[in-house]
Amino acid sequence: MSPSGVDKGELKPEQLLSIDENAQVVNGRSGKPSDVTLLHLRIVKQRGAGAVLHTHSVWNTILSDLHTAEGGVAIEGYEMLKGLQGVPTHEHSEWLPIVENSQDMQALAETVAQTLNKHKAAHGFLVRRHGLYTWGETLAQAKRHIEIFEFLLETMGRTKAFRSL
Amino acid sequence: MSPSGVDKGELKPEQLLSIDENAQVVNGRSGKPSDVTLLHLRIVKQRGAGAVLHTHSVWNTILSDLHTAEGGVAIEGYEMLKGLQGVPTHEHSEWLPIVENSQDMQALAETVAQTLNKHKAAHGFLVRRHGLYTWGETLAQAKRHIEIFEFLLETMGRTKAFRSL
Amino acid sequence: MSPSGVDKGELKPEQLLSIDENAQVVNGRSGKPSDVTLLHLRIVKQRGAGAVLHTHSVWNTILSDLHTAEGGVAIEGYEMLKGLQGVPTHEHSEWLPIVENSQDMQALAETVAQTLNKHKAAHGFLVRRHGLYTWGETLAQAKRHIEIFEFLLETMGRTKAFRSL
Amino acid sequence: MSPSGVDKGELKPEQLLSIDENAQVVNGRSGKPSDVTLLHLRIVKQRGAGAVLHTHSVWNTILSDLHTAEGGVAIEGYEMLKGLQGVPTHEHSEWLPIVENSQDMQALAETVAQTLNKHKAAHGFLVRRHGLYTWGETLAQAKRHIEIFEFLLETMGRTKAFRSL
């Protein structure tokens, strides 16, 4: 985990914290793991993920907000969906669930656990007005998922502007 | 061809595959050529292209979707059209055909072949919700065509937002 | 302060001017401090700021214009608000006041002083069709505030386009 | 002048052509000066410019098209206007004329000459669906004008989307 309250652009390798399944730092470094550690651990546990990534982007924030009422974003028919692990065709419907944001990390981790349980095929989820979580067996796979989701959310957001007219 | 399933940002020169006209690897390297190899070969054959390029961009994906019903995008009256090989004036109408996406590469290659045959003056085409193909006698010319089309598709997409109001 | 009339991209460390509380250059360098020096000094004085930053961005200019009638922009419910010093939750309403632009720096500094006085919790303000001011105890904190405000203004501006439809 | 038909990203200093007032190459290099040489020479002559710059950007192309009927774009009330040479305040109205595009360079140069004559205070002009021209006493000043106009055209274009709703 990255430590809490550090500018990510200034983060140095030696500041990274190794933690155990109870979020205790085990590599002897000082620093408090990021607030969202419980969420990462829950995803690792339920999805068997080797890497979990979290991004705050303009378009993922916008879509997490505009689609709150539906409880998620349906992404369908795009070639780029094939970049998600195990998706062999663009004729796929990916449901990206949206969960309400909360500062109560225990409560939010519980909501995330239920969401992951309910949507077993989901490759990621959005936290409303907060950001995107996705994961992978490896860091490279998780990074690929970020790129795919960010591309598709921007594409859908810009397309939505035309559809709404 | 680039090999299938490799992060393009991490691609090394020694991973590139030389293939023959039957898509067989001839430079003794391992790796499966990208899924879209048949499309590239068809373009090379029908247009006598020395280089074929393919991009997934936000704006080419959006326009390939919004203009599906018309079967293509008409690009007219822009100075940048002069960047397309053999176009001497902005008073030119470029028809950029759109073909439906498919995971059946034989079928898609056939559709592309018919499209190229029907629109002999076209410098590129879009695959719906997938991306842009363009080509050139040389790699530099194909790259120039990518830049021209991407610029014009973004310009037309943003302009369309005003026209629709 | 940076000197007036110098391309910021070409600015060299030895051109930076140290000034006292009366805007007099005290590090023996030539050059006139930027026009907005009085504004910076007022913010330092009223907020006890260690660093004041000012940006001209497309989105801060647009929102400073579109929200003129309300006298400010209300930013609410975004996780990124936690990046503002002392804000512990996304359930926060940040009021970013807008002041009218003026070339009379004494008058503008006076307006700013009144605005800061009236909105004691504000972490920044906009000058209409001009730009954003924000500050911090340290340069790192002021830089973080710029990043947070610019991200949120772009996100809100793009969201507003959907809301208005 | 840059030579015609060369990728600007690959342009080397030794390819630049020195020309006289009749567009003849005088530094003994081969290559044909860019098509728009006559326009540059006309601007140099009428404005006494030391440098003339020309850009094709998405936003300058869009606005040159959307404002054709008015014959120009009025830019008013922005602080960034102070970046234009001789403009001391944001309370300034800059008229950026639009001329119709043409491949007849003699005719286009004539139109530009008349436009410059009619709008003596203009710091630049747009060619419809083509791009922006601006200039300065020095290269640094012309570059500053490009930055100012590109910023303002993008800002106005994005604002226009809200105004039209």
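Read from first to last, the chains carry the letters A, B, C and D; within each, the first residue is number 1.
Keep in mind that, in the parts below, a contact is a pair of C-beta atoms (placed from the backbone, for glycine too) under 8 Å apart; a residue touches a chain by one contact, two chains touch by 3 or more.
Predicted, not measured: the structure shown is a model, and the values here were computed from it.
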item	value
Both-way neighbours, i.e. chains that touch chain D and touch chain B	none
Type of chain C:chain D copy interface by residue overlap (half), same or different	different
Farthest-lying chain, centroid of Cα atoms versus that of chain D	A
Rounded Å distance, chain A centre to chain C centre (Cα mean)	32
Distance from the mean Cα position of chain D to that of chain A, given in whole angstrom	45
Numbers and ranges of chain B residues touching at least 2 other chains	161, 165
Chain-level touch network, classified as line, ring, star, complete or other	ring
Pairs of chains in contact (touch as defined earlier), listed by label	A-B, A-C, B-D, C-D
Of all residues in chain B, those that touch chain A in their complex	7, 56, 58-59, 61-62, 65-66, 101, 103, 127, 129-131, 157, 160-161, 164-165
For the chain D and chain C complex, residues of the former touching the latter	77-80, 88-91, 140, 144, 151, 154-155, 158-159, 161-162, 165
